[in-house]
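To keep things simple, chains are lettered A, B, C and D as they appear, and every chain counts its residues starting from 1.
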């Protein structure tokens, strides 16, 4: 495929793309590859520093940190993937409809969307979590709704632009109705920018999911999550600073890879942008 | 209305509302087309010229109802040849049928082809929309059409970005021909192209007209091109047709001061051809708030009081020669002398 | 311009009404009996019933809505479940603390991102630009709850230079402001750079060079003045995000701000406080956005002189 | 014609190094412009005419690079080679605006949208002349009046978006003329304008050229504009000059098949006889893949064997008239 052939040219993107794939593989196989049971409490081995047995040490309950980081990767991947899907499924149809409909419906909808966009994602997510509850599903819904306005904007923008395209006009001139145009001309054009936006916002999802759980509003213990692990590690910062290494490193590497892959995907799909970057 | 009339436009108007705020109140209107009368006969080419913003493109689009006309009649001789049908009020089903007979070629060869469809699909799309022919037949027809516009069969599987501007324009022409239309509205079909490619496309349009008996409404801003291709020419200014006559009559014997000035402004590719330029002061006024009386009077060197106050009638000033100027009969305007 | 200001001010009215409506809806959207929520989980039955009657939860919805609206418009956001103080009294001082943190962080982020962004654009695609780009990238990949913990460990615990938490002296400001500011600075540097690169690619830059203008003028007069238009919007959004980020930062450094109050109230299910915090946060965002719009209109002659 | 040329370009090559390969935008171009003459540069898009103009201004920046050649200009009593100057250095900045000024195709995007028209002209004056701000303002108002902008004092205070396209181009011209340049480079200055406005701007430029004794390098794709503006003409195709000579020679007696093809491609207003245009077949090759031999050979109706292997040099076919075509020269 053309996409992979061109993507391969980007060495940085390729390296971090592979890294991201590995992280996803870790997430999918988490249950089999953890060196110890991430949930097993062992009160004889609390706060043991990194060693050959526990590469990243153990926490206040004597649980293996590495195993918990690995399981947390699965939680993060699950939550953010579904949240991203949710945002796309909510945002894209609304954006397309509004852009196609035009008139006052569009004006009102876009005013509301713009208003939501001035609120930082984390604030929206916190408010929605109050309603949806601090569970995995709750976080998916909160992050998904909080990010949906971005996708509404893009889907509407592409639809509006497509309406102006002369090839759409040519189809109308040939007697086409709207169903044909939506399917044949608008939908194929919308997929690329949506894919680009989804990869670009993936790191934002990860950061906000972790921030929520750092605040205690995300996935609840004992299920591990990087943010929540960091929050717990904070209380033992003086005595056991090594506890922050695992979750911090995992989080930063994941976000970094996702960011660079997003940039690379964007440059591959929109070569025009390259000149400016 | 004679039997050989294919299209007759009467009192066509298109106002674009300017909306503001959440409530989308209409605060003003752009009078893009402000009362156009025009008839096109079977087999001829009528040129529609004017500067940017004069409403020529909107006129073309309104005739096809790609934009809903605000008012006016667009009478078109339909399939059965017997009677004229008003496009402006046609039902969706009737409109779909009418569109088999009237097609359009666009100015921009880039935006007019969907980058994600193959050339073959693009050319066959009108047939698919109209539900004519089966898949294999459509493909065969697309190949024929590509050959007719000077492309080869193996082009049909490629995508638009592999083609140059001139070739893309040929693809657009092939698509317009797919339904075997009677009328093609050519909206600045050559103005985005390089000079040497322009000539290829103009020649192609002329060949196709002869071969398929097409009728063209040729919209352009370039007077030389319009003069070359048209049988009759209409000059538009600020939403109205100010003059209409056969090409030779219009160029040699203009009756409207705007036509005269426009012709004298065109640079001629001949260093010895020195026309005395008729200076046209200032810019075209805004179509939101056009001048009272004759739209052209603020820039007209012959303007008198009547021009400032009364809208001139669009009337016959010589045989088959129409103009809307109060002083059309008394002014001896300068045209191009044949050489 | 005056019309624009009036229009924007008027827009705040429906916005505020919308937010109040949303807060009202919160009572009913949240699973569970609102009266129990207000009374607290362990309240005796009689208290719950009293509250139900006092708040009118037994009334039809539209009556409840009208009452709620009337109360909020009078400045009454209810009473905290725990302290039993009026919400407004506990919220207002917190707003000031949060504003100090957010404002200083944003100032830090604005200065750093303008300097780095411009320099980066000037040396576009050269080593200096690449260094700035990589640093900024690392910055946006490191959330404040990671950089904050590292900063606390290094500067407060390991070196012992700065206090871990609280806000009793200027020294308490340093870590939170820089932690929060640095993340915003990284985000904004990337954006300022791309605005500047964009502006430097425009035709009027060629015109300026063709006049014989020195590169300094080309970058800092012609390009920056144009890039300022999108940058004003970005900074406005940045201020909003700084406020959002302050929620996490306050939790890390035990900063007695509005964000921490809100999070704590959610964790302790103190709904009136949550509502109050959300109300004031929302009003602040709308106000910031309004100011940004006005500043934008003021720096763009195409809006100002039209 | 024995006057020293104002500027002399010799064997200029400008290449663009992109990811898709090397684009040979300008591939060996030489011409000279005498004081107070107008040189018309004509060619289709991608022929290298705009890149040549930017090279003369010293405005070639990465990924473009001047590979070879000289651009000689007399400046402060000595001859400077612009091709060798640092494009951001002090010396070229002293030349831009004072010796050579430039106007562009899009007057809307070429003027800075956030500064007042007048201030942009004042800036150009103050960059090169040691006069006070007030004096520079007066000069700017005079210039605005000189380029036919009504109410120059009011216009001085306005922003570009408040002017029409024609007025903007006049303001650009005023800015370019502000320091009395000896050479004005006009890169398709009328292409974005309507014919009636184009006529105004052409008349204005012809008048200014007499008043300011300025030489003009006028770049356009429009043969009609060339005929009305130029004293001498060079025709460019695929990065090279295929024909050059006095304007009347070029139009009356074109020697290169490409020039002939261009002449046949445009419908004439003056002529009624022509029913069919003589178009040039095919398309312009990509500058990334310039054909071997003569660049025009693949489209040329007279192409011979030699045309596909060797590239013809410009050779004089009449006094002052040169063409790069083997049809007109005996191959050696």
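Note that contacts are C-beta pairs under 8 Å (C-beta built on N, C-alpha and C of every residue); 3 or more make two chains touch, one makes a residue touch a chain.
Predicted, not measured: the structure shown is a model, and the values here were computed from it.
Colleague: Which chains are shared contacts of subunit B and subunit C?
Modeller: Chains touching both subunit B and subunit C: A, D.
Colleague: Where the centre means the average of the CA atoms, what chain is farthest from subunit B?
Modeller: C
Colleague: So the centre of each chain is just the mean of its C-alpha atoms; given that, what is the distance between subunit B and subunit D in Å?
Modeller: Centres of subunit B and subunit D (C-alpha means) sit 33 Å apart.
Colleague: Centre to centre, by mean C-alpha position, how many angstrom separate subunit A and subunit C?
Modeller: From the centre of subunit A to the centre of subunit C is 21 Å.
Colleague: Quick check: how many Å separate the C-alpha centres of subunit C and subunit D?
Modeller: Their C-alpha centroids are separated by 52 Å.
Colleague: Give me the residue numbers in subunit A that touch at least two other chains, ranges are fine.
Modeller: none
Colleague: Classify the chain contact graph as line, ring, star, complete or other.
Modeller: Topology of touching chains reads as a ring, each chain with two neighbours.
Colleague: If we use the touch criterion from the header, which chain pairs count as touching?
Modeller: In this structure, the chains touch in these pairs: A-B, A-C, B-D, C-D.
Colleague: Please give the residue numbers of subunit B that touch subunit D in the complex, ascending.
Modeller: Residues 51-52, 164, 166-167, 194-200, 202-203, 206, 221, 223-225, 227-229, 248, 251, 261-273, 277, 279-280, 283-284, 336, 338-339 of subunit B touch subunit D in their complex.
Colleague: Looking at the complex, which residues from subunit C come into contact with subunit A?
Modeller: That would be residues 15, 18, 26, 29-31, 137-138, 140-143, 145-146, 149-150, 152-153, 157, 194, 197-198, 201, 237, 240-241, 243-245, 247-248, 251-252, 262-263, 266-267, 274, 278, 281-282, 285-286, 288-289 of subunit C.
Colleague: Applying the document's contact rule, which stretches of subunit B touch subunit A when the two form their complex?
Modeller: Listed in rising order, the residues of subunit B that touch subunit A are 22-24, 61, 64, 66, 92, 95-97, 99-100, 102-104, 106, 108, 111-114, 116-117, 122, 125-126, 129-130, 172, 175-176, 178-179.
Colleague: For subunit D, which residues count as touching subunit C in their complex?
Modeller: 54, 57, 59, 62, 88, 90, 92-98, 101-102, 104, 106, 109-115, 123-124, 127-128, 158-159, 161-162, 172, 175
Colleague: So in the complex, the part of subunit C that touches subunit D is made up of which residues?
Modeller: Residues 125, 202-204, 206-215, 222, 225-226, 229, 299-302, 305-306.
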